[in-house]
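What follows is a set of structures to go through.
Note that chain A is present in both complexes that follow, paired respectively with chain B and with chain C.
== the complex of A and B ==
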């Protein structure tokens, strides 16, 4: 199965869209992949992304992916929900339509806590999911280019973008192979 | 994996002995101060409180204050000890791998159980009339002026022989399961193999069932019956959660100290992260229980139920109000806000601060559970409180560190040790 030459898979789509070319390194082993990522990044090559059949521990750090800032957003959504809940209850039961319930004061904070808690959770949960969908660009009918279908089975695919005139494809090819890639392919993706 | 033996410097164990000695000195000084001050100051308050209390209590003296503090600290440290055993059992039943580095700390916490159990028995036998209103025999005599039909109705459960039997059985069961699990754990170190692990799982499963019943009933017996007329179906869980957070904080604090002293090489930020999550989560759980108990009683406003919170919020000129708000801050707001981020849970200094705050917060939680019932408005913070705390802390740390040093800090033949080394969150 060892092919010395790159297999060129040209997609002959000629539209007015931008085509991007990727070099794909195929890996079979998780540990080999993690070492390869370290070495390739150390060699100054920018990795576009890695496709994996399952979550690999430590791959985020190896790829240098920054931690998500979603928790900060979540905290702010929570604060919003809490403020909204407290404002709503204090305004409704304290000012807009005061009622005596169970002989308690109009603004009886202990009674407001369950609702405040629920609305905090509701705002946080919905806010997080919606934010996540938007910043990840996940919307209906999203087309995701499949680089190599085997990344859904038992292979890890490392994609490196080829910049015309900048990237030395042959050098990249040998860099990937030296670091344990069993195959190196090329793929053009229409965006 | 290499064995790690903790060696305790002579200086450290002397420091614990010094703690015990200082605690005793403080207790004696505190007793003398309280003895002299209750003469004129406490008199007026005492009469007032005595008049207000049902059943005609005697005035509060230094004896009450002494026994309340001994009881408070003993119950608190027994709780931490039994949580060590409980959490070990949970780890076994859950087939947990992450917790292997802290397993020996959990086991060592339970070393206080025998001493704590004996002290509990002694303090009860000597100081029962100072601590528990229901131990007054005249309450159950029909023609007596003190006759209390409500407590007489509870007599089939709340009588001294049965109470003592329960105390001995509960503590005995905990000590027995601790001995049984610890034996498996030490034999595993020597001989290896999966046999001890599987046996530990079976023992743990039985213990958890036993603990479910005994932890609830011990919380009623040792804490709730101080307010003899009052009851709460949620109270057992409330006490358990307070014990649990304190136990987790004690475990985390020990793990950090050992790590900083160069031990526990297996332990890293990932394990601390998990412990931090436990402290964070169960602090919220404690708050949830506190609030669930409070809100229903506040809302229903039934006199026999709400009296408990009346006493703590408004009673004795708001004597306990600041403690109630204080524990909500120390045990909820503080750990909730400080441990919220991932980075905080992975940093030793942050965890250390939170652990110390939470340990104090839950001690204070037990303070407000016990003191209003035993001392009414006469409690305080002085030499007696500090002395009793130092005394029990010294004893606890002595037996705890002794057991910690008696075996390898890393359970070398634990089947999940390798998994724990590679633990990653």
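== the complex of A and C ==
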């Protein structure tokens, strides 16, 4: 009796742990891959994502990935850096402790250009990179959810999520193969 | 569609596949250290030891250990500082400016060149910090609140601009370099067999999976980083040159300094990249990735920047005469014919004459000649900074205070010691990090390997100019 209960609980835990199943189409060539993406999306199948060993040009458009807004963030970080630098220099040398240096005015703007420029670059670069790492969930971690280790070597892996009772796995399999996949695998990911 | 140019030489030779690139580059990371590497590291560590000893003497006994005197109070330290910073510039030029210009030949050399930038800037930073005498108070150069002293830092001073420029340059270069390493660390992580290696590279790879969305963002970020690094690198050496140019010392007070220093920096940096890459290419068997085409391209940059430097030397001389300022005129005549004439003519020979040999295609494409000339350029550019700094100072306005400078053993020790520091860092990098940017080389493979891939479908335009004839044997 107790054992039965245990297995029952175990099953519920397993179900709530949201196991996700993916079909992985393995491709060898970027051009074949791009055609495949277009055809598969045209057939009404939603592609989860594609893993590639290098950035494939044109894949954003093919997958319908929107253009990143990181450049806007970069601009705002740069503006912050510039404002901070100007404020700092004008406040420190112009108001907090004014001094005559080389007969120049307290607020000698031309002399403030180099530091303002450097801080603009500093804020832009670091702000943007930190934002990129955060929004992409990239940080030092021991367990990496790699679907197929060959995707960092020489293969392009197209991942399509399998929804229980909705996705026809056999049909998907032949769709991928018809579009040039050299292999089709299944992968379960526990989240 | 990718196009294989029938005219251009392939940038990757030997009929490589994507997997071959992974293998060739990861091999030296995964293999046990070879004996040549171990010997090189031992030599580098010996020089690092000299560095540590010289730094100890400098800190324990003070700056009096150096050969500075009341007239020449800036000599080898600032010479070495400018020399090292200049060397670093080639890495940023390759990683940022050539990226904006879409020069694909940068792909296989940018990783090592950027590493060189970072290590060179570390070496450069040693000199001003040590010259402070009390380096543990180095943070006083930052704008700290008044309780630390009575004043804020002086934002009108080029030396303070240097603090901001060098630290921004170092940290941005480091981030740019590391960002490019993340996907390659992921490759090594996914191949790793040992538990320590797998964990170490997993941590280093930041959990990179190579999904399309990440790549898309990655490309945006690296393009913007290249965009901000380009003016940054130009600003850094501009500001370094202003350390001199904004003073009123004859020989320093010239408006040509910023462009002249930037050109000189790129010139010396490319020479150092060549010195390092020619060794790396031999030690790690990377001749299919760093081809004669790459060497030739870098040599072309050397002729260009070397000629700019040559023109700058002549212009300086001309302007000194044309200005009618006798102090200025004396400074330049003294440079060429005074007691430091040998330094001036070493500089002229190494920087103006030797790179002109690269007008000959045979010399441009000769590994041995390139290696020798790159060493000459490194020496010449060191002399350039020495000449500018010491000859302008040693005979100042008052003849009674004229003096000569000669380095002490500690001066020499710190200089060769930073070479030890640099090579120690570079050798460790070359062993444990992927020395060639694998993913970037993979992106150019299809268009520039000179090989038609067998698995390409019929729908692709078939263009298979057989470039094998051009391959370097």
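The rule is simple: the second predicted complex is superposed on the first by the 173 of 191 C-alpha atoms of A that agree within 3 Å, B and C clash if a C-alpha of one lies under 4 Å from a C-alpha of the other, contacts with A are read in each partner's own complex, and residues count from 1 in each chain.
Just so we're on the same page, a residue touches a chain if its C-beta (ideal position, glycine included) is under 8 Å from a C-beta of that chain, and two chains touch if they have at least 3 such contacts.
Small disclaimer: the values here were computed from a predicted structure and weren't measured.
**Student:** In the superposed arrangement, does A:31 touch chain B (first), chain C (second), both or neither?
**Tutor:** second
**Student:** Check whether A:111 is in contact with chain B, with chain C, with both or with neither, and answer first, second, both or neither.
**Tutor:** Both: A:111 reaches chain B and chain C.
**Student:** For chain A, which side has the bigger count of touched residues, chain B or chain C?
**Tutor:** Comparing chain B with chain C, the partner touching more chain A residues is C.
**Student:** May I ask you to decide whether A:103 touches chain B, chain C, both, or neither, giving the answer as first, second, both or neither?
**Tutor:** In the superposition, A:103 touches chain B alone.
**Student:** A:137 in the overlay: touching chain B, chain C, both, or neither? Say first, second, both or neither.
**Tutor:** second
**Student:** A:49 contacts which: chain B (first), chain C (second), both, neither?
**Tutor:** In the superposition, A:49 touches chain C alone.
**Student:** Kindly classify A:65 by the partners it touches after superposition: chain B alone (first), chain C alone (second), both, or neither?
**Tutor:** A:65 contacts chain C only, not chain B.
**Student:** Is there a shared patch on chain A that both chain B and chain C touch, and which residues make it up?
**Tutor:** Dual-contact residues (chain A): 57, 67, 71, 102, 104, 111, 114.
**Student:** Within their complex, state which residues of chain A touch chain C.
**Tutor:** Contact set of chain A toward chain C: 28-32, 35, 49-57, 59-60, 63, 65, 67-68, 70-71, 74, 78, 88-89, 92-93, 96-97, 99, 101-102, 104, 108, 111-112, 114-115, 117-119, 121-122, 124-126, 128-129, 132-133, 135-147, 149-154, 180.
**Student:** Give the list of chain A residues in touch with chain B in this complex.
**Tutor:** 57-58, 67, 71, 75, 102-104, 110-111, 113-114
**Student:** Touching residues of chain B toward chain A in the complex: what are they?
**Tutor:** Touching chain A: residues 291, 294-295, 298-299, 301, 340-342, 424 of chain B.
**Student:** Any idea which chain C residues touch chain A in the complex?
**Tutor:** Listed in rising order, the residues are 1-2, 17-19, 22, 143, 146, 151-156, 158, 160-161, 164-165, 168, 171-172, 175-176, 179, 182-183, 186-187, 189-191, 199, 202-221, 224-225, 228-229, 231-232, 235, 239, 242, 438-440, 442-443, 446, 453, 455-457, 459-460.
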